[in-house]
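Presented below are the structures under discussion, each in the form of structure tokens.
Two complexes are shown next, each including subunit A; its partner changes from subunit B in the first to subunit C in the second.
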Partner chain A sequence: MKKLVNSREFVLFLILVLVSVAISIKNSSFFSASTLFDIIRSSLVYCIMAFGVLMVLISGNVDISFVAIAAMTSYSTHMLLLKLVYTGDITLYFVIAISMGLLAGLLMGFIITQFNLPIFYVSLGYMTLWYGFNLFFIGATMNFDLPEGMVGYYARFLVKVRDPVVGEAGLHISVIYLVVIAVFIWWLLKYTIFGRGLYAIGGNREVAIRTGYNVKRITYTMLALVGILAAIAGVTQSGYSRSFNPVLFMGKELDVIAAVVIGGASITGGRGTVLGSILGVMLIEVLNRGLIFAGIPAEWQKMVVGLALIIFISIPAIAEQRAKRSRYIAVPKENREE
Partner chain B sequence: MTKRSTFIKNKRSHRFLSRFHIESRILLLLGAFVFIAAFFSITEERFLTPRSISSMAFQCPEIGLMALSMAITMIIGGINLSINDTANLSALMAGLFLVKLASPTATADYMSFFIIGIAILIALVTGLLCGVLNGVLVGYIGVPPILATLATLTLYRGISVVVTGGKTLTGFPKQLSVIGHQTVVGIPISFIILVAMGVLMYVIFKYTTFGFKARMLGTNPTAAKFSGINSKSITMKIYILSGILGAIAGIIVMSRINSVAYEYGTRTYILLTLLISVLGGISPGFGNVIGVLFATFILQILSTGFHMLLLGVRGSSFFKDFSWGVLLIVFLIIDYFMHHRERMV
Partner chain C sequence: MILKDRTAEELLSVKNVSKHFAGVIALDDVSFTINRGEIRCLVGENGSGKSTMIKIIAGIYPPDEGDIYINGHYYKRLTPIASIHEGIQVIYQDFSLFPNLTVAENIGINQLISSGKKIINWKDIYKTAKEGLSKVSADIPLDVTMEKLSTADRQIIAIAKVLLEDVKLIIMDEPTTALTQREIQYLFKTINDLKEQGISILFVSHKLNEVKEISDRTLIFRNGKKVLDQETKALDIKTMEYYMTGREIDTSLIAYSKVEKGPPLLKVENLTLSHGFSDVSFELRPKEVLGITGLLGSGRMELAFSLFGEMPADSGKIYIEGKEVFIIRIQDAIKHGIGYVPEDRIGEGLFLEQSIADNIVVRLIDRLASKIGLVKDRAKQDVVEEWIKKLDIKTPSSENPAGSLSGGNQQRLVLSKWLASNLKILILNGPTVGVDVGSKIAIHSLIRDLAKQGMGIILTSDDIPELMWTCNRILLMRRGRIVEEFQREQTNKEELYEHLVANNKHSSTINRVKINSKCKDSRRVR
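Now for the complex of A and B:
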């Protein structure tokens, strides 16, 4: 019980509830199923990408190219299928985009493991490269032509509720992807050699190698998964917005990383959980959305979010410094894997 | 590296390698620069004309200064994602002051130069304050730099939106555009500022105790701490320096395009500066800021060159992004073959 209360996830959950309650008191229409569904819907794709970011962060690296992979896979798939006069539903989109994401991830894995390069540096080039590729070779304009089978995708709901304000609100079926992926990643991180290896590499790379973890294979697997998750997120987002954008998610990469770190992942590696990442993304989404409901003028919102962010990231840092001061020799709590 | 810093790696071979490391990256950049410039000069007759060269020299200072400001934080093992917004915020503060006080049609008298001087001072102070906040968060509170500066990025952009209401500021006195449009013996003033700042940073990091300590902090923070280096104050000073460089970039932007907006360059500039720094060979504790200048020039000629070469092709201006990404990865791989093979496992 004490462990639960002290955990980062619990604290985050409390903050999330507190912020929601505070906004609901200010504006009661915030507290509704439609708002909840809306928040889930808009944070879902970021959650999916956040899992990839989470794995990379746990391994002690930073990757920012996932947004470009998401844009490249979804947009190229769309343009390809448009040329082939495809009329089916979104399934084929996922199949092609995921295989492209897989290939992109493996290519990056090849560059990184073959030449022992830091992931962050390569991902900088990789991101610029794929956005440039998309814009120059595939197309530079947003595309709104959808194949017949995909037209209704944005409004395919799992459950629907009556809402007094907006009429009918629904929970989009893509929430299933999120649940499946979240459980899968959680299982990977907790019960497989791959997942344990990620934590080991992030904790201490040298020790992980000496222990016998196959660092190359783990890196390949990790980057392939990042590519796949990015592709899923890209196609899902394009399905929502009913348009395919060559610069999809551009500029969002740092926000996703920030969300994952707020969710308890360490930027230096070895720490982070799936639940924390989801809560981190949700918290930022609730903040962004809630400020509108709370009646804060539009031009003040960015500043308020910035201030909130500074407070969120300063508190754990201060706590960490205190812990370091009081327990100088004992293993700090922050270094545990859970 | 300096003679003083050689004790970091006191083996003779290492000393040779570390000396070789820096020189080799500069040589590599210089080689790439000459090669790419030669390539465009041959394939495109409009490339090697005074007009296109001067337009390149006018375009690159702002991004070069921001890259410098990114690079110096990377040398101490940090990162400063907020520089673009520091630049915008500083320029906006100066812009607000100018719009309030000076009329755009005023004739060239010493009064308006005085006002512009104050405006520039306001911008520099704003940049300094932005740097102080970053320094407090990173150095004193201990927030990971990538997160701290990401949060301040949001905050600075937020403040910029608040002070302007999201509008673009225009209508500055004519004299302001001197910085962004005038030349001295054919060289744009902004370009001279960039080179001067580059040389200044080079001198600071190569020949001063402060620069040496900063490098040590980047190489190994724990070792630096136990050698009695005040890492907090070094971090603070570096971020302040970074903020001021950002402010200078902001002034140049303001002067060149004669307007300021909170969203200028926000989508691409941050990662571009990172890319330039990495391309320039900057890594925690190592790297030569002159490399950053060369990297800036290379990206600029690639951008201009491909733009001219592919004129008329659909989406021609986007090929540069593709080429930048390829260039960075190729550079990293060449770097590996040249001397990083023995490093890491």
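Now for the complex of A and C:
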């Protein structure tokens, strides 16, 4: 119980609740099912991408190219299926986009393991590469022609409630993806050699190699998953907005990384949880949205979110420094004089 | 009798192995054997080739010449995997642990990985971890992360982890450095149990009393050569020491500086740092080299850190040249003319990527700067050349990065960084850890030279010969207090060894000076 209360996730959850209550007091219309559903819906794709970011951060790396993979896979899939005069639903979109994301991830894994490069360096180029690929080969404009089977996707709800303000609000079906993916990634991280390997590599890469973790294979798997998750997020987001964008999510990569860091992942590796990442994304979303409700001008929002990020990053850093200091002067128990 | 080892089966045989690094001989035609169930000690000073030998047996370095036989298999060139496959496990000083993972995972994960399973059963991990810890009779909670544990606990865990493997030979690199007396006894008991099970141990150490206690046969290296290979029973510590250090160095020939009478350069009164040290009082005079020794956890490191402002003391007073000073930050120490040379020269003391020249001038950059803040190139060049010559740093160009220098040269470079800046007091923390013998002697004479020029030097170290060769006076710390004081002329290495490793209850009277601690008026610094 004490462990739970002390955990970062619990603290985050508490802050999330407090912020929500504070905003609701300022503007009671914030406190409604429609707002909740809306927040879930708009943070959902970021959560899915955040899981990829989470894995990369745990392994002690940083990747920013996932947004471009999301854009490339969704936009290319769409343009391809348009050419083939596809009329079905979103399932085939997912199948094709996920395959593309998988390939893009594997290709990145190949570049990184082959030349032994840090993921961050490669991802700088990889991001530009895939946005460029979209714009040059596929198309430079947003596309609104949806196949028949996709038109209604944005309004497929799991639950519907009456809402006094907007009339009717629904929880989008894609929340199922989030739950399934979150549980799957949680399981991967906790119960597989792959997942523990990520933590091990992030903790001490040399020792991980010495211990016998197959660092190459883990890197490939991780990047393939990042690609797949990006593809899912890309298609889902395009489905929501009923348009396919060649520069989807451009500029959002740092927001997602920031959210995962707020959720407790360490930028230097070895730390981070699925739940924390979800809460991190939600917190940023609630702040963004809530500040509008609270009547705070848009210019201020960025500042507030930025401040929140700095505060959340410094808390564990300060704790770590303290721990380091106490470790420095750790005197073996029996040598300690009372 | 241990004589049965003669007929016992050989586990490992090293024949005529030599190894060079960039022209420097690390190992020169070394041969020895380790039998099954034998506790073998490898003794030698820093730079004697011990670590190189370990790395060759572990398959990390290929030998230049020579052959290795393990379990009767011949290896011209051993790989790490082959070495592990033959049942050889090394416990390195860095313990090979993951700081961010729990005790259970650190111990249990190896078996899971080698079993080839992809899915983790945490129950198994905890079971394995418990089993491992029971082998070292340690009581450590399984679900705390490694970074929260003391060095001693981490060492125990590293050993527990290795014991779970199918080992035939465990190589322990200075395993007792981080352990307290009681933990050392645990370790020795474990080692003897393993011996009973037919596992061989290669115990690498320079603590001769431990070697004497634990080993069946002792192997001594000096300057890359095997100088002794004999049953331990027939050896005494004096003989070992003789072989380890070579000829006894005649300390009477060393020109120690004469300590000046008169006011102390540095005076410390009742300095206390919680969990570090308490009630420490001493004086340091100009031209004096004051040694501070003690085992790990005795507080000597913390004291050095405090005097340099890295870990400011909680209470007590510090006077420099009679004036009370407050050292709360490193900048304060520098302002008052205190310099510090760290043990981990690579981690703490140098900008490895920067040029040698820049590393020398970094501390006196203000003095070299012209009025508008630009560095005078000519002046810089002169200073750099002077120090490179003075310290005998071997490099083709002062523009080479500091990282290109050998260990000993790097250490001298760190010294130069401080020495160039006109210090009054220099704190040296284990100045020759990991330095080869040649550089060691050079550094020692440099320390004495500096003292002669009027500087006061505090040298913290647990290297007894080093203390004897450089210090005028040696303070011994135990449990955070200064418990004894030795005058160099009135003591010898043996006595110092004995007192350094003695239990807390142990009391010897020779040269013992009770440090007064009657003054309870400890005001907070600032």
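Here are some notes:
Heads up, the rule we're going with is that the second predicted complex is superposed on the first by the 326 of 338 C-alpha atoms of A that agree within 3 Å, B and C clash if a C-alpha of one lies under 4 Å from a C-alpha of the other, contacts with A are read in each partner's own complex, and residues count from 1 in each chain.
Note that in this section a contact is a pair of C-beta atoms (placed from the backbone, for glycine too) under 8 Å apart; a residue touches a chain by one contact, two chains touch by 3 or more.
The structure presented is a predicted model; accordingly, all values stated were derived computationally and were not measured.
With both structures placed on the common chain, the touch criterion links A:G132 to subunit B but leaves subunit C unconnected. In the superposed model, A:V62 lies in contact with subunit B only, and not with subunit C. Of the two partner chains placed by the overlay, neither subunit B nor subunit C lies in contact with A:F184. Once the two structures are overlaid, the count of subunit A residues touched is higher for B than for its counterpart among subunit B and subunit C. Contact with subunit B, but none with subunit C, is seen for A:G251 once the two complexes are overlaid on the shared chain. In the superposed model, A:F110 lies in contact with neither subunit B nor subunit C. Put simply, subunit A touches subunit C in their complex at residues 190-194, 196, 199-200, 202-204, 207-208, 210-213, 269-271, 323, 325-337.
Against subunit A, the residues of subunit B that register as touching in their complex are 81, 137, 141-144, 146-148, 150-159, 161-162, 165-166, 266-267, 270-271, 274-275, 278, 314-316, 318-329, 332-333, 336-337, 340-341, 343-345.
Across the complex, subunit C meets subunit A through its residues 80, 96-101, 105, 109-110, 112-114, 117-120, 122, 147-148, 150-152, 180, 182-183, 273, 275-276, 278, 296-299, 302, 305, 311, 478-481.
Taken in their complex, subunit A has these residues touching subunit B: 62, 64, 111, 115-117, 121-122, 124-133, 135-137, 139-140, 205-206, 209, 215, 250-251, 254, 257-258, 261, 267-268, 298-307, 309-310, 312-314, 317-318, 320-321.
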